[in-house]
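What follows is a single structure, and I will ask about it in a moment.
A, B, C and D are the chain letters, set down in written order, and residue numbers restart from 1 in every chain.
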């Protein structure tokens, strides 16, 4: 391993999100995958044999040869990416933090903990400050939001900053990969819609208030917006499509809203991270788009696509938003947060490697 | 043909809605299918050879043997069911009305005409009175609503009557059969969602105001509710699923809303029509339902199913509603309107046939 | 319970095949469903709450109210239908037979047992004689074949009788419902084909030789045909489609083969059973058919559909065959065998009930 | 345009195969896309507006800006790639050849012409010699095979060379993209299989005999193998899966067959072409593979994947083969043939460009 990359370990490596993390880390400029952990049932097996690899792109050979370990510290690596289920995460992640390892978690276990930030680098990088008060030990835990929220807040942030956001109506059409593996049975999914996803609507309704909130005296003051969510599972492989209506605080012409979304670039520090998309939001004019089958096209799956922008006869503006649920909404989100932490000096800073974008900090 | 049934003709018989009309008329107690018409391209062919029959249930033999005619009067039959596309309907339907034939149309061509009612028998049977001022000639035109609206107004009617309805947010997940045949290309539909259906949102936003309006001095006073709609096409065969939020005029406890929907039976005259479902609304408790694959189960595809009823953090109540788009939303809707017209004495009253429900009028 | 029906119990009632048995028994003229059994995990629960009901048609209310029992004798009922997995069936079915209960099993556990017949009433009703030598006790076990084989042998039987069959090439395109529930993960099935089904090819290659064999001295002499099978799982809900090529023993004109298949009616005793289709084989001329989405149309899902009949450039004749895998291929097959046993006097003969076809025996 | 690339034109650019050609040519080391032609209906429009772009990867900007021309000579470019439908191809391709332009055609129009070769560079590059006798004029026409055949012959070639091939049984499970756009209606495709593709079986049964034949005195002597094909359309986006059984001329152990397939590298000249996969055949051990959703993974969609290799109880060996239908089976096949022609000196030889593999000829 070249000494200028940070050694990384993935917990929950066999699920869809864990697999995406493995795929992304296999070619990452700042991190080097050195260890994989899974449930006790899989521990001891070689990853290439234990995993039911879902991506059309092949399993990286280096990862295939790694032997799965149990998800308990100590494990090799100076940073941990967690794709554990929430229940396991609640037990295990604090152990790694206590052992001095920074944990970037996709699990929901600690998202409601007032000392654990839910970070989207374009939106609230300053929430990293919350970790000072965590008390897990020398390490820390940083989470990324629920997969739908990860996309939604990218649209709400510029609207909130420019016009104010009072209320949001969301109906989601969520992809199968969001349910893990084996997840939804084909007999339920084929040619059907399931109008319920356990726990999803609560997360969509609650997490944005924290992410969009201000940090005051080391605590997040929740943003006062109200959100109403209906989550549906649709027979799509990847890509959550959100139908969104927003009530703004101040009157805005549609052209102003369009300009506001289109010109959004995110917090300065987020713009130079290796996994940052060129622009966080792609605004589409073709009314037939965005469509989930093209979710990964947008900025390597890290940008959201917004289409059908128009006035809402009930609230103020209405649009459709597509977010790649396992990239921006999960694995890519966790990775982007770790890149942010590197930029912020919270992780051992690597020497700049050849292929990497220069990481320049500018909060 | 037994003399106690009314001879019926279907225009646009080869499309999905026309096929459903054929299937329903083949076993109807009041009507007897005697003629089928289609585009000039198909006219002259035997139906069984010209049609690309979509239903899993077999094409009725009697219909299979009928020879397709051009969709111009005169055609055999004392009533016409129109499943024509809107453009053709605009030209052709008035010709039949002028020739003295009552037309029950699923087309949108005349729905915005102030003299043409959009009828849902449970909701606004009294709008039949509009036909007195039509002026098409000795016949008349009655329409049924857009497929999504047909389901939506069944839920809005009892809410409007009991609590008042101010505003409605709808996101639809619409089935492929709503797009006709060949309709959506498999390459576009498979594993995908298309967030746009031409003309659909306008219909969803406008038709309910007319249907829920009062007839005053022979004219419909539009109901003042505002509706915001986002229409999506999903890879489902039959059954439109609507995610709905409603702002009520008066405060209501959730239990009251539940009771209001559950106890809705529709206008008295609608309750004894042959195609009426036992109850127009089926309220489901299982959060995993309703699902489109079971759309036809509810009251022969004529009842809507409502699930996930709960408070809406932005408006007042939120729920999911499933309507069978080619039955309640199209063919069944047109047929139910014709049954209503029979009950109202607007069609030659058949002698009661053996298998038929007794048709007793009670407005 | 009216005394003229035979009380029946279903083992493995929560899976897709068990569900079909429940649905069929709920409206059966000879049998009355009185008990349901499932895995110890579900035992004690009310069926309507424990089952994940898959059929679009609603769960029969009478069944919904039954309390699930453990699958061990004694259970109420004079006949048992088994939809158990093979491993459990191997343990449990002999216990019921030992307790004096006739078992009609869809499981593969005993299909290779020389004393247990694999019966398709149209093909080999005389194999019922095997049960005389079973030795399980006062009861007995009768199996129906693998779901693909159930359809295949209906085509092979008339060909074997008329021309002789030497060899068969089969490639199957099998529906998801054949894998049970939850069965195949949607992430694997959607827009994909899986070219392997564990154990399936062996059954397809071996079971027909037994079913088409002669009983000599109480033993089945295997038919000498050779079969080569490739099984694929396709994203279809119900209906296995088989691509079949057959090498005949004697030269035959295509018209003769067509006539042979078309005129096949099956063993005389099979023709008057309540679940028998009007004809076991439906021969289709339209080259676009048969298609799985219409599998259940044919004779209530009990007839097979054959299309694309033509000469094979390598063997002799080639065709496509569709069999409804959970009806003819599973639940319906087991039920038909029980009806055959009633006809053969092996089950307590019910008094003829109103709605039932008259059961007249003619071997 | 740099002078070291050959200017290329695509006919039929708006269909799925034309789109793949555009995508491949946009980043090709030997060819430069300079013109696009389509039906008269689209001619005159800018490509980016006229095309319904299907690929998840974005439409190359350079191509998006090209204005569609009518498919008649003269058109810019020194080589033409034809993705025309067969009927148009029959008229138009000879015009380009007469005008001195080499035509690499995916259309079937001239595949049965004894003077037009069907080329797969790994299999029969020497068939290029046929063009000497074409008589279309100073240009020529070279075709690539039917999409299923393109994959099948890659497996048959080494078997024929090593053991001899007498007969082949094939059942195909073909992807939707093979039917063009709009192609199959979603209402027909979803959750269904269509057991017929017009003209497909004839091509599969006939083309391999020509491709595997010897050129004697400037004419192809057909290979005497017999092929029997059943073609099915399945709800899969890309990737044809073939279930294949082969009767060999000489006895072979399974291990020998495996070794034969695995060691196949194709004709020497084919190994150094820019689009050649590392190995034409990838042999898989995992019985669950190959699966269509991973068709494009193998050698950029140019290698075939073979799995489930085993003895066939009726013929000799049996396996499953996956070919990417729009890459190896269409656009990639045409492009590979043009690369072969460059290597053979039949096209103006480009100066070696930076990114290109060195093209060294070795027949």
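Here, a residue touches a chain if its C-beta (ideal position, glycine included) is under 8 Å from a C-beta of that chain, and two chains touch if they have at least 3 such contacts.
Since we're looking at a predicted model, the values are computed, not measured.
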{"item": "Option in B-D, A-B or A-D whose residue-number contact pairs overlap B-C by over half", "value": "A-D"}
{"item": "Furthest chain, CA centroid comparison against chain A", "value": "C"}
{"item": "Pair joined by the larger number of C-beta contacts - A-C, C-D", "value": "C-D"}
{"item": "Euclidean distance of C-alpha centroids - chain A vs chain D, Å", "value": "41"}
{"item": "Centroid distance [mean C-alpha coordinates] between chain C and chain A, Å", "value": "49"}
{"item": "Chain C and chain D, separation of their C-alpha mean positions in angstrom", "value": "43"}
{"item": "Junction residues of chain D, two or more chains touched", "value": "190-191, 235, 237, 293"}
{"item": "Contact footprint of chain D on chain B as seen in their complex", "value": "16, 54, 176-177, 181-191, 235, 237"}
{"item": "Chain D-facing residues of chain A, complex", "value": "56-58, 190-191, 293-294, 296-297"}
{"item": "Residues of chain A that touch chain B when the two form their complex", "value": "167-169, 171, 173, 191-196, 205, 226-228, 230, 232, 234-237, 241, 243, 245, 247, 287-293, 307-308, 312-315, 318, 320"}
